[in-house]
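Would you mind keeping the following structure in view while I ask a few things?
To keep things simple, chains are lettered A, B and C as they appear, and every chain counts its residues starting from 1.
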Amino acid sequence: MISAQDLIFLLQGVPTTLSISLISFAMGFIVGMPIAMIRQLSRSFELSTVLEGYDKVMRGVPVLVIMLFLHFGLAGLVPLFRDPFISAVVALGLRSGAFQSQIFRSAMNSVGRDQMMAAISLGMTRAQAFRHIIVPQAFIVALPGLGSEIALLIKDSSYSFVLGVLDLAKYSDILRAATRSFIYPYLLAALIYVAMTFPVANYLDRWGSKLKTKYGLR
Amino acid sequence: MSVLKCRDLRKSYGDLQVLRGIDFEIEKGETKVIIGPSGSGKSTFLRLMGLLEPPTGGKIFFEGRDVYTSGLDLNIIRAKIGFVFQEPSLFRHLTALDNVKIGLKCVLKVNNDEATERAMEALKAVRMEEWANYYPAQLSGGQQQRVGIARALAMDPDVILFDEPTASLDIELTWEVIDVMRDLAKRGITMLVVTHEIAFAKEVADEISFMDGGKILESGPPDQLLRSPKTPRARRFLTRLLGGI
Amino acid sequence: MFLLDYSYLIVQGFEMTLVMTFLGLGGGLVLGVLSALGDVYGGRALRALIGAYVEFFRGSPLIVQLLLFYFSVPTVTGVRWDAFTAGTVTLMLNSGAYQKGYFKGAIEAVFKDQLLAAKSLGMTFWQTLRHVVLPQAFRVVIPSWTNEYVSLGLSTSALIVIGLRELTTVSKSIAAQTFKPLQVYLLTGLIYLIWISASLKALDHVYSRVRIPGLEVSAEAS
């Protein structure tokens, strides 16, 4: 049967799960935001082809395969990837970069052309209009999407289990092996995941729509 | 015998009394028009008479039989009462023709060939036969509304209820719908129409009723009711309505 | 090339990936439509039940769900089941939870006025569902459904945790045997990439054929 001890044991995996998710989210932001800007502003054909290719790969290959590729395939060339934690974070971060760039791009598009026109008519340059008018509004529109993205990362951080990272999923597996109880460890872990993803997704969704109504966006 | 009749019809939504006891009947071949200010309960009255919502009091009779107590199949009666809505409410995944056919096939179990034939006939009656294979999104509001009329007409109903069918249309589109309705009235189709197209009402209505505050305050032939309404409220309403013309 | 010796295994693995994707999507479609209908038209208890189901499967990782079902069902029921069955059932339940959201949005996109119109023609609830609501919902749901196809297809790689021999599992063992992980995983990634891109093209083609003017609006997933 389940005990408080088991719960505490499982919770040891939570910090790892959260750090993987949050670091990869930050990395996704650092990768995704510039990509969104470049694809929105740049007229270079080569650049946009490359970025499109990046997007296609990240959307067309399982994140687990990217993890395995980094950790087992590239570790010989890049010693950094001998660390399974780093491999997991980088794989998730790269994919999140593609996802976040899409979130920001559609947010920028929804803020719209007329705002850009209005700003330019005030004498702003395109870049200024972008920075002061479009991006701040796009952030608000992007909030719900970003919430789902964090939730997705929390869940998908569990793929690091396959590399042997000691995350929540791994702890539940250890607990199963140790207690020989086949239900509670996993069930409990699943519920802890729900407890983590649910608030993030819902909070950002609500915050986003509140701000949207306040500023009369879409 | 009346086609459709109600006695002391009442409807409340929670504490809000929308209909406060309405007596009304319409006979075969008649055209009756209802006018009244917005919020007076006209749409609610029509929805109740179309058996789309149950009343909270009173009785509705279809061809003399109490529809809610005589164990009749409501869907069979609904099929005999046509309804045209204020907003064109065509099925958006079906062409004009299929919109008209669907009731025939699903409810009346008419076979496909006969359904097509009857539907085309109905589309002709509303002058939409050339648009039979277009989807609602490809039609103007007035055209959609005419297909909506054809959809009701094709079922060969005993009466058709119209809830301000032109209220959501631009003026130019209003005429094409009104023309069609005038044709139907002259063909002897039994019609109960909520509308503020006074010229139409004057021409085809056998009787106009004025509704306010969930009650029918007065009824009469068009000439009398439009020219010399008895109740002050009807007078005020008509002055405003006709004053604008 | 060394991989040729393993091509037969890779093909088998890829076949398994396809089979699991389609089983999961198909079962998920049925579950998703049913729970969307239950959520829109059902009573309070049913809706609470559906809500819990969806929240659980959307809020937790597929990996943990797979482990849970694979290990717990034999314990609880005493019935032995293999990785294939456990994997299929879990994927169906998982996909159903996501598809429920898409279909709910699509069903609600069929506006009230059309339901009233159907009623006025004398159509029953089931006739309305079959002839008015579902045909429109299926078309409106298409963009979200494409996403679900891609996302479920890629997440079949999670089946590795219960040892089912789909593409990722097979690749991992080939990589270990050949000591050539770099090439093996590149190839694996390429296979997934080609599969997904080709599927998207094919789906696009199918969709352009069933498209109806005015119905291409995408449903907000809820």
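Rule of thumb we're sticking to: contacts are C-beta pairs under 8 Å (C-beta built on N, C-alpha and C of every residue); 3 or more make two chains touch, one makes a residue touch a chain.
This structure is a prediction, so every number in the text was calculated from the model and none was measured.
Any chain touching chain A that also touches chain C would appear here, but none does. Compare each chain's C-alpha centroid with the centroid of every protein C-alpha atom shown, and the nearest one belongs to C. With centres computed as the average of Cα coordinates, no chain lies farther from chain C than B. We define each chain's centre as the mean of its Cα atoms; on that basis chain A and chain C are separated by 21 Å. Annotation: 45 Å between the Cα-based centres of chain B and chain C.
With centres defined as mean CA coordinates, chain B is found 55 Å away from chain A. Shared contact sites, meaning residues of chain B that touch two or more other chains, are absent. The multi-chain contact residues of chain A, meaning those touching 2 or more other chains, do not exist; every residue touches at most one other chain. Multi-chain contact residues of chain C (touching two or more other chains) are absent.
On the side of chain C, the complex with chain A involves touching residues 55-56, 58-65, 67-68, 71-72, 74-76, 150, 154-158, 160-161, 168, 171-172, 175, 181-186, 188-189, 192-193, 195-197. Touching chain C in their complex are the following residues of chain B: 47, 50, 52, 75-83, 85, 87, 89-93, 102-103, 106-107, 135-138, 148, 151-152, 155. Listing the residues of chain C that touch chain B in their complex gives 110-111, 113-114, 116-124, 127, 131-132, 135-136, 139, 212-215.
Considering their complex, residues 56-57, 59-66, 68-69, 72-74, 76-77, 151, 155-159, 161-162, 169, 172-173, 176, 182-183, 186-187, 189-191, 193-194, 197-198 of chain A touch chain C.
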